[in-house]
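Below are structures written as structure tokens.
Presented sequentially are two complexes of chain A, the first with chain B as partner and the second with chain C.
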Partner chain A sequence: MYGGQKALDHLNLNVKEGDIYCLLGANGAGKTTTINLLLGFIEPTSGTAFINQLNVQENLKHTKKFLAYIPENLMLYPSLTAVENLDYFSGIAGKTFSTPELKGFLEEAGLQSEAFSKRISTFSKGMRQKVGIAIALAKEAKVLLLDEPTSGLDPKASNEFGRLLRKLKDKKVATLMATHDLFRAKEVATHIGIMKDGQLKQQFVAGDISLSELESAYLNTMDYKEVAP
Partner chain B sequence: MLSYNFKYELTLLLRSRWIQLLSLILVLLFGFSTYNGLKKVETRQDSIIKAKDEVKESDAMMLKLLDSVERGMEVSASSWTIPSSPMAVGNYHPRVAAMEQQPMSFIATGQADLFTHYVKPTVSGDDASLNFTEMTSPVQLLFGSFDLAFVIIYLLPLLIVAFSYNVLSSEKESGSLRLLASQPIGLQHWVLQKLVLRFFWLSLLVLVSLTLVFLVLGLDPFGEPTTFFGLVGLILVYMLFWFALSFLVNIWVGSSAKNAVALLGLWVLFVLLVPSILNQLGNSLYPMPSRNLMINEMRTMKAEVTEKQNEILDNFLRDHPEYALNDTTQSRGFYHRYMASQNLVKEKMAPILDSYEGQLQNQQNWIGKFKWLSPAILVQESLNRMAGTSKENYENYRKQVVAFAGEWRQHFMPFLYNNKDFSQLDYPNIPEFNYEPKAQNSWVSIPPLLLIALGLFGLGFLGSTMRRTHSIIMDS
Partner chain C sequence: MISKTFFKETKELFREGRVRISLIIVLLLLGVSVWISTRQFQNVNAQYAMAKTSERDVWDNQGEKNPHSAAHYGTYAFKPKYPLSLVDQGVDKYAGTSIFLEAHKRNEAQFSAAADQTGLARFGDLTPDFILLFILPLLIILLGYNSFTKEREMGTLTLLKSQGVSNWKWLLGKWSALFMPVLIITLTLFLIAGILLDNLQDFGVFNWNSLGVMFLVYMVYYAVFINIILLISSLVKKSGIALVASLCIWILACLAAPKAASNIAENKYPYPTRQEFAANVLQDKKEGLDGHDPWSKEAKQLEKQVLQEYGVDSLHQLPFNFNAYRMQKGEEHEAEIYFKHYNYLKEQYSNQSNIYRSLASISPYLPTRFLSMAIAHTDYDTHWDFADAAETYRIATQEFLNGNTAKNTQYGERGYKASADFWKQLPAFQYDPPELGSVLNRNTSNMVVLATWLFATFGLLFFTTKTL
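== the complex of A and B ==
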């Protein structure tokens, strides 16, 4: 329940290591609520969320050691550089790295080396998302929660972000991504779910469905009726 | 987490133009207020020196006149001012009873703008009508003095509010709170650490600024290390109180705007309202007897005793046979009758003066009981004591002056009633006033203030553990 309304209803979702699970759905479908639940930002009125086999509500602090989160608008400290932000967020998560190691993570996340020592205030959204990925890499996160990470990114940056996700998949990271972007979901996901009114209406293995079939399934779920020209 | 917060909090503070501006303002405020305080002390000290120089000149003139009189020469002066008359010496050549300025007087004006710091008691003057009131500008009384105490008590909390009102809310508003909350940290711990670190850096800034200002203005802060570090200690516990309030507000209130309004409201409450209300209630519960009525009463008594001066003098001489016996001339004039009646006036005025002082004491006791409601009162009291300008200091000075006035009068009484001339040989025996500052514990407010601040931190922390992290993140 959220704000007196049923935000999630009989949601049964399992994301295994190495999976990239994309949650599709209109605004208010419950995608962000699902992520908030896994982050422990909201408490379920019934049901349980697990991360790495640990009950989130009972092990709030412990489960956060395994996860990384990138919101739609990743806000870092604008007056700190990329290296400093990475050092700070890794540090408060209990991970200590040397400057070369921190630069290595940023490089792995695809950030250009000349940006390492620049203040975040000069960064584009795509560059900030890369620092977010570097935080996940440094944290050695087993679970990655992404809330509309590609919204507002240009196609090149969005494509680059997809490439990074596949790199994390190879590292056996379990990724749950809430998105509106059907094309990107089809491109990077191993599994796709369509949500509506807090319920998971349909699930697919991404390889078993074409982009047009996915689009039809999505529109049917949303009860979208094409208006005649 | 602490080491990373420690490292990056300083980096963030140093890179924030707003914080840089606040730091500069703090240094300027400390500098100007200390300079202002020093100037005021210098003015007071100069006026004391000037008064003492006048006495020296007047004494030199008196000794010259005495020399001429003793040589049997004619002197061109009014008969009642010739210093061979003991009453002329007692009335026209009084000593300066000065409240000497203390080493730290510049930090707090205290009662110095209400009371004078020197008087010249005369033999025929009344103790009750000794004027201790300073000539002041009403505008200055309205706005107060811009001294270090004003900066510490009134302005420093505002700087702390500016430093700390949005520690949590700015993260919420910028969006970085969700990223922070996804880390394995307790948000309450994180906020507490951030505020403790800001307290630490601001404390360092205060210490460095004060030291610099003192050195630039030619004061040696380490000349009296106990006093200097006592002052710093008092400032730090006062700052800790405001940081504790800020912690409570950061955890319990919401947006930056609401936090700022809440903290400014608390500033108005603790710095302005509580002291004013206590003062008003003290005046209402224990009203002071009218000074005009007291003066009228005294005049009526004087008029009554003037009519009975011969009778009063007889009674006085009966009580003091040593005067009547030692005088061969038995000549009695105006001053013999006047001084005898003065004693009677003093005795009759005693109950009125006692009731005046009693009410004053009652008021002070009442405020003393409730001063704990406002740390601003506690700090002002401590700073005044440190400066030697507290109400106790002025009360102590007033009592010393009244005692000296009595001593001064008594010194000339045997000359008067024995009809003995004052001579150059008697000059070295004239009583001198030596002000003895009252030793007061200025640090007495530090432990209770520290306890209040730690209590507030404890309360905030306890309360915040009852408030779940998700409510801090999701509330907006």
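== the complex of A and C ==
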């Protein structure tokens, strides 16, 4: 509940390992609230969120061991290098790696080797998102929560990000991604849900629906009426 | 996680230009202040050694002379500059360095360093204690004001929380990253001071334990400041507000509170003016025995009492010179008067100190300052000790001189002169400042206040960062 209004209403969502679940919806639909609930940043007034069969509210510290989170604008320490940032955030999660291992994660996340020892202050958003993925890889996260990760990325970077998500899918990572990007959702998702007013209005298996059908379903859910020019 | 956070914070700090510049400035200031203090320490102690030797030579070589003339001629008690004054000069500059010891009169210490300077001395000196007490807390503010606010502002707090950061480990990592540069700077200063003092002529008073305890006191002081700065940073949302709030705390703790304490103490327990003090002493002196006046009521009364005690009818029949005896009794009476009036001053000083102690609850600076000065032997307590020792020596000197006259002359005999080698028999003035243990005992309340500051701020910090 936010200010007497239901932020989420009867939301029943299940993301299995190896799934990439894309949540679509307009601003204020409840996508970020869903992610914050799973992160334990907010408490539900009713209902329960589970990660790896553990109640998030009751096992706040424990559930965080399984998840990685990449917000819309991933902020890292600007005066530290990519390797140093990765080392620190892995350390926070209780993991210690050698420098070659850390570089290995960054490479796996698609970051060019010349950037490993550069300060984050020189990085583009796409490069920072890759470090975010490297953090998830290093943590061996079972659950990946993404909040508008591709917004503001150029098509190439966005495409590369989609490729990384598929890589994580192969590693059986369960991914929940909130996005406005129908095209990217259709491209990477295994499942797609459309939210409105805190409710999950429609769900699809991504392979069962075409992009145009998805677009129609989305517009219908949003009650979008085309205005004549 | 503590060490990871520590190294991360340290890297971040040292990669910031403002931090590097501040550290260089602080180190330069410290270097200059230690250099100035060392030179001052050497100069003052060379002067002390020279004055002590030459004054004793003058005393020893008076030749044949009447002992009471020698008593009026007087001598000096000199206060050496104690080794740890190299670190904390305390009130040394304002308290005199020597006391003129003469018959009938207790004198104030004179020749203070401040009296030798122009009005510009009001601006203060660049001394290690100034850096330790004022500048290092400022450095802590500069290093730590945005410790938590930057995480909010940069957006890294969300990522940290999602990684399952343990708040107390995170806090300890940040805390130690702030503490380490301060520890290294202070440790370097104290080690340099220790090595210098170990190799300088210090009249055998220097000991590493005192230096170590003083170092610990400063470390607690900085720990309290770090706690306060981190507490502010964890409570406010913006770095700018954290900086302003931290600077306000610094102004309050280091500048306003000591001055307010001084005003309140002076207002509530004022010292008498020099004129009032002298008038009161004179008044009391008039009401008692004057050793020089054989015709006063008190002198006649003493005469009667002594004759009765020795069972003789005339002062000529006494086995000693009554004039010298009366002189000594007069000295003792005057000494009592001085003790009474100086005790009143001490009482006022003690009341003023209590005011400072009570205000220590709003400023960790106050107990630190008092402890530091006490350990360095540059506080008023040590100065009082020295003045009392000098007075005890003055009384003993008068007794020594009057005793010689009483023993070697007859009543009414005039023109007696003690032999030229007599003066050498007077033991030299020797003052040993209180030992470290007794200094700490005397400052228990300051230690308790400082410890309370430490634990209270730590407790508050842990409590507030729990919910970050």
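Note that the second predicted complex is superposed on the first by the 229 of 229 C-alpha atoms of A that agree within 3 Å, B and C clash if a C-alpha of one lies under 4 Å from a C-alpha of the other, contacts with A are read in each partner's own complex, and residues count from 1 in each chain.
Here, a residue touches a chain if its C-beta (ideal position, glycine included) is under 8 Å from a C-beta of that chain, and two chains touch if they have at least 3 such contacts.
None of these values were measured; they are calculated from a predicted model.
On the superposed chain A, the positions of chain B and chain C overlap enough to count as a clash. Judged by the touch definition given at the top, the superposed model places A:L80 against both chain B and chain C.
By the document's definition of touching, both partners, chain B and chain C, reach A:F41.
Once the two complexes are laid over each other on the shared chain, residue contacts for A:A93 go to chain B and to chain C alike. The superposed model places chain C right into chain B at 182-190; the other stretches listed in 56-64, 182-190 or 290-298 stay free of clashes.
Once the two complexes are overlaid on chain A, the chain A residues touched by chain B in the first and by chain C in the second are 39, 41, 61, 64-65, 67-69, 71, 73-77, 79-80, 84, 87-89, 91-94, 132, 145.
Against chain B, in their complex, chain A makes its touches with residues 36, 39-43, 60-62, 64-65, 67-69, 71, 73-77, 79-80, 84, 87-89, 91-94, 132, 145. Every residue of chain C that touches chain A in the complex is listed here, in rising order: 1, 4-5, 8, 11-12, 15-16, 154-156, 158-166, 170.
Within the complex formed with chain C, the chain A residues making contact are 39, 41, 61, 64-65, 67-69, 71, 73-80, 84, 87-89, 91-94, 132, 135, 139, 145.
Here chain B touches chain A in the complex through residues 1, 3-5, 7-8, 11-12, 15-16, 174-176, 178-186, 190, 468-470, 473-474, going by the rule given at the top.
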